[in-house]
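Two complexes are shown next, each including chain A; its partner changes from chain B in the first to chain C in the second.
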Partner chain A sequence: MTTALRDMIANPTTAELDLVARYGMQPADSRRERLFEAFSRTGLPHRRLEAWKWTDFKVALQGLDRPSTPPAQDPIPHAGALVFRFSSNGYFPPDHIPDGLNVFEKDEAQALGAAEDVPLGALAASLSGGKARPATLLLEVTSKELPRLHFQFSGEGEANFARVVVVVRSDMALTVSESHLGGAGLTSSVIEFGLQKGSTVNRAVYQRGTSEETIASTALVHLDADSHYTQTSLAFGAKVARLETRVTHQEPSAKATLNAAYLVGKDLHADFTTHVRHGANSCVTRQLTKGAVLNGGTGVFQGKFFVPRTAGQYTDADMQHKALLLEDGAVVFAKPELEIYADDVECAHGNTSGALDDDQLFYMRQRGLPEKTARALLTQAFVAEAFAEAGALEEVLRAEAEAWLAAV
Partner chain B sequence: MDCCGGIDEHEDDCTDVKVKDSIDQSTVDAAKALESENYSAGFVTDIEMDMAPKGLSEDTIRFISAKKEEPEWLLEWRLAAYKRWLTMEEPTWAMVNYPTINYQDYYYYAAPKSGAKYESIDDVPKEILETYEKLGIPLREAEVLLGVEGAAETAATARETPRVAVDAVFDSVSVATTFRKELEKAGVIFMSISEAVHEYPNLVKKYLGTVVPQSDNFFATLNSAVFSDGTFVYVPKGVRCPMELSTYFRMNAENTGQFERTLIIADEGAYVSYLEGCTAPMRDENQLHAAVVELVALEDAEIKYSTVQNWWPGDENGKGGIYNFVTKRGDCRGDRSKISWTQVETGSAVTWKYPSCILRGDDSVGEFYSIAVTNGRQQADTGTKMIHLGKRTRSRIISKGISAGKSNNTYRGLVSINRKADNARNFTQCDSLLIGDRCGAHTVPYVENRRADAQLEHEATTTKLSDDQMFYVRQRGIGEEEAVALLVNGFVREVLQELPMEFAVEAQSLLKVSLEGSVG
Partner chain C sequence: MRTMLKIENLTATVGEDDDAKTIINGLTLDVPKGEVHAIMGPNGAGKSTLSYVLTGRDGYEVTGGSATLNGEDILDMDPEERAAKGLFLSFQYPVEIPGVPVMTFVRAAMNSQRKARGEDEISAPDFIKQSREIGKALKLDAEMLKRSLNVGFSGGEKKRLEIYQMMMLEPNFLILDETDSGLDIDALKTVADGVNAMRSPDRGMLVITHYQRLLDHIQPDKVHVLSKGRIVATGGPELAHRLEKEGYEGILGEVA
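This part shows the complex of A and B:
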């Protein structure tokens, strides 16, 4: 079987052969096989695939387990949260699980819809498990009062894969945060959220890595009627880092808010990719992505709204991406895309990239602020707009962003 | 209008489109007016043709080259392109679907039997003259009334009398070029590219393939191998071309492909405005059109290139129609040069076309104004590429897509700012309107910025008319239908106003039917 799968990847790299070998060591499981097969169609995604033209894992990923640099520190507070840690050293669930949260730790993989669309998500789902870690962690939320859930993904020098599925029952509410901290050649996780009728989820995502690591976070979100999903992400990039979110409005009047900021320094690469399917009437999406990039850094934004015929009527969707190139040598790639088959919709997108507005700088300087301070203030304000919906974690994300900007 | 009583299962049998309540009947009618049955250019000219044997091989290329009595270097150039083409794959990334094309099933050369270029307009077969008259391009009148007998003796007087010089391309050959003599007075070379190869071989050799290389893409490479005719324009240093130049392309023969190649060079400080029109008869088979247009603007030169593309779009069931795979690219080679593309696209079954600007010279400017209307089962994937290489280069993209029937209309564009393009600027606006609920409107912009001092803005909407705008116009006492027409014309005005006057009229008459009272 392993030989057959190896043959599915054309001209496999060393890292890909290593992934095939790891798959061969997993217990036989037809769902796992299906997932790995989905990954094998493309192998590690590369620039010749349209969806990955600016983010090439095949070239970037040299070895799965290197480097020895420790994972980044986790700035998201653990106090008061129910923390689930997925590390290559093991799996560490919270000591106490309160009422309103049902936890199922499964040794089997679980099928993933449209696995071919998310090759790194399929990979994570097929290789998760082992070392007492669940192959799939299933969580059921039956309360509005749960403390925040926090998922921490880190490699500790060894490639790490995780799969989480969260179901939020009707009219329930959840606050959740995630940290993707690198610490290995590759860390990849896939998390799914099913929001039942009238439920709400507020999710915050933090990503940080070094120029020796590749990091992938894949989220699949399914929204039932009148549910409301809010996501705020902050990424600092890695050798390549991709935070991909695919949202499906599957029943009417759901709302998704997708905000993000990327702050990318030298030799780092951060990619935000989103795909929103307005598969039901009268759904709303609001998306704002802000970026700031230094010399030698690369920021990527790919957003797509897909509005099918009939089902997508009365869609109200807006996508904005705004990037600042703070220094010469910074690179920003953007592809804000609309694919629309319904005629009574409001879909808009906007994309800007460039330097700070000279008029704003002039205004602040004539108020007596030194140029450096004026630039810092304007950049902070520019980025902070992305954190406005993050609730209690807004301040944490803002402080992280400010610390980065202050060091520029 | 609910044609199927809400039952979905016979969807494909419906002839009428279900349109939401807010769109009035005139909108539906207007959209229908652009449907195939109203295609006025769909007649066939019955004339004896001289054809190359069907299919594509080295022999076909030698045949074409021999027919045109081309020099050896050009034949070699064609054969090199053909060899390259054999190794290439047809691109599949565009949002268009069509059956696999059998490239051996087409004729690659078709010319009226009586010869290609005629000495005098009197020698042009009357069938062909009538064809152009029917299309509103009176070659004889233009020649007799304005070109030969009288009028402008000098370039200066010519400027005061707005006229258009026409190169008429009928299938694979240019049949007539008007005003050549008068243009020569100003030093402007305006002739078919086949003639230019003989008369100005050095100019052709110097520029051919320098903007769109032989190996550029599948369709451009095919064109390089088999290109038949097209227009050659050279405007010398400091000359403002005294009249609009235009080429009218007509595909007539059955199962043919038209592969024209146009090359326009504006030397330092020159200016030229060039218009292109295209039509084809209604035929059940798909005809192939793979053109290449190369523009070169040297220092301080400006080229304005306008297209009204009205190829036969196929019938309402998607039968027949032109496959339009076109590579158009302008090279702003000199500092302060400017290239402006304006296109009104209403025809073709499948359109694959991205008129682009390479902004190489410092302070050079690229513009792209486009209206694409799709109807029936048409599919258009069109847009532009603005490649900023020089300092302080600027580009502007305005694209309006209108989809009706069961058509799909995609804007696909690239704005790329190179590391050395200090202070580059781009503004992009692409808007889409959908008429009816069976069509699609898509936007796929790529933006690549490698400069901190670049300013790039992109905005796009897909929408119906805003209630606020309607309210504002109506409270000024304007009736509802008139208000809609006003607002929709406003929607495309930014593009129409870029067209030269002669063309704006033609474009407006094409668009009028689709826009008055339309859109909800």
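This part shows the complex of A and C:
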């Protein structure tokens, strides 16, 4: 079996052979096999695949190595939150689980819809498990008043994989945060959210890594009628970091808000990819992505709204991506896409990238602000707009962005 | 020495290399302490260019002559250094800065200037008190000062906000570039009251305007006519009235 899978990956790299070996050590499980098969069709995704043309994990991850530096510090407060920590060598759930949250630690892999579309998600789902952690951590939310759930992905080794499924029952509410802190050559996590009728989720995602780490965060979000999903992400990139979110509006009048900011320095790469399917009438999507990139850094934005002919009527969707190239040598790739077959929809998108505005800079300097301060203040204000819906974590994300900009 | 702003035989170009055009062409001007001088001139005379050259905007190159403020050469300074020396430009078109609240901006500007001069930062309570008093005098809504700088403000509000910043920062030399443009009569009066309150024996002002209207409210000590990048006529306030009556062509025809 393992041999057959190995054969599926064309010209496997050392890292891919290592992943096949890791799969071989997992308990036999037909769903796990199906997941690893989905990954094996492409192997580590690479530039010859349209969806990965700017973010090449195959080249970035030649072998699975432990980074020379420890994982990044977690800026998201743990106090008052229910923290689930996934490290390379273990899984650490909270000591106490309150009423309103049911936790199921499954030894078996769970099927993943669209596994072929998310090869690194399929990989995470197939390699999560063994002695160190549940194959799937399944959480059921039956309360509106749970403390914030916090998932920390912070490795101490070559690789770190996790699979989480969160079901939010009708009319319930959840606040959730995630920190993707590297610490392993490859960290890949896949988290699914099922929002039942009238429920709400507010999710904040923080990612930080080094040029020795590759990080993939895959989120699949299914929205039932009248549910509301809000997501705010802040990524600093890694050797390559991909934060991918796929949202399906599967019943009418659901709403998704997807905000993100990437701040990328030298030798780092951050990729935000989103796919939103308006598979039901009268659903709303609001998406704002802001980026700021320094010399030697790369930012990627790929956004797609898909609106089928009959199901997607009365869609109201807006996608904005704005990037600042802070220095010569900064690189931003952007691909906003609207694929619309329904005829009664409002879909808009905007996409800009450029330098800071000279008129604004001169105005601020004329009032006495040194150029560096003026640039930092303008960039902070530009980026901070992306954090407006993050609730209690808005200030944390903003402070992280400000600290980065102050050090530029 | 009473002279505050001293400009001698200044020439400056706009644009890059081969496309550079000489806009200021041998301009000489003295503004002593305590005086208000008006510069009037037709479109294209170089009025706004002069304000940008004096404040150090990129894209304007000084090719000859000198400009000093209180005896110090300002032309080699960065814009922020000139600001810290007390030079303030009230913009013809104040710039919108989304996400930066007015008070945050002004406090950062004030403290940057103070730091550059080796002074202590202003305390938050002192800043708020001063802001409240000046805002009230200029009929600025307190809520407005918490909003993003100039974003969504009317033309009149933007100009009043320029005066607010001027009064907060207490510069010692003011350049007002077409401050009357876009103002109705009431707003013009409020703005002029603010400027007049800034008049002092220790402060100089250069009021750049196309029309004489503003000078009914801000009485200049001297009026200069700018044409083709140099001062071609100088007189008292009556010169502004003559310009209004006879037009630039009348006066310029006479001096040419």
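Rule of thumb we're sticking to: the second predicted complex is superposed on the first by the 405 of 408 C-alpha atoms of A that agree within 3 Å, B and C clash if a C-alpha of one lies under 4 Å from a C-alpha of the other, contacts with A are read in each partner's own complex, and residues count from 1 in each chain.
Heads up, the rule we're going with is that a contact is a pair of C-beta atoms (placed from the backbone, for glycine too) under 8 Å apart; a residue touches a chain by one contact, two chains touch by 3 or more.
Every value quoted in this text rests on a predicted model; they were computed, and no experiment measured them.
Asker: Can A:F362 be said to touch chain B (first), chain C (second), both, or neither?
Answerer: So A:F362 only meets chain C here.
Asker: May I ask you to decide whether A:P370 touches chain B, chain C, both, or neither, giving the answer as first, second, both or neither?
Answerer: In the superposition, A:P370 contacts chain C only.
Asker: Tell me which partner A:E145 touches in the superposition: chain B (first), chain C (second), both or neither.
Answerer: neither
Asker: Return first, second, both or neither, reflecting whether A:D95 touches chain B, chain C, both chains, or no partner chain.
Answerer: Once the two structures are laid over each other on A, A:D95 reaches no partner at all.
Asker: Please work out whether A:E385 is in contact with chain B alone, chain C alone, both, or neither, and reply first, second, both or neither.
Answerer: It touches chain C, and chain B stays clear.
Asker: Applying the document's definition of touch, where does A:A348 land relative to chain B and chain C: first, second, both, or neither?
Answerer: The answer is first: A:A348 touches chain B but not chain C.
Asker: Applying the document's definition of touch, where does A:A330 land relative to chain B and chain C: first, second, both, or neither?
Answerer: A:A330 sits against chain B, while chain C stays out of touch.
Asker: Among the partners chain B and chain C, which is in contact with a greater number of residues of chain A?
Answerer: B
Asker: Going by the contact definition given at the top, which residues of chain A touch chain B in one complex and chain C in the other?
Answerer: none
Asker: Enumerate the contact residues on chain A facing chain C in the complex.
Answerer: Chain A reaches chain C through residues 357-360, 362-371, 373, 377-378, 380-382, 384-385.
Asker: In the complex of these two chains, what residues of chain B are touching chain A?
Answerer: Answer in residue numbers: 19-20, 22, 93, 95, 419, 432, 434-464, 520.
Asker: Could you please specify the touching residues of chain C with respect to chain A in the complex?
Answerer: Going through chain C, the ones touching chain A are 55-58, 78-80, 82-84, 88-89, 91, 94-100, 105-106, 108-110, 112-113, 116, 148, 165, 169.
Asker: List the residues on chain A that touch chain B in their complex, please.
Answerer: Residues 50, 309-310, 313, 323, 325-355.
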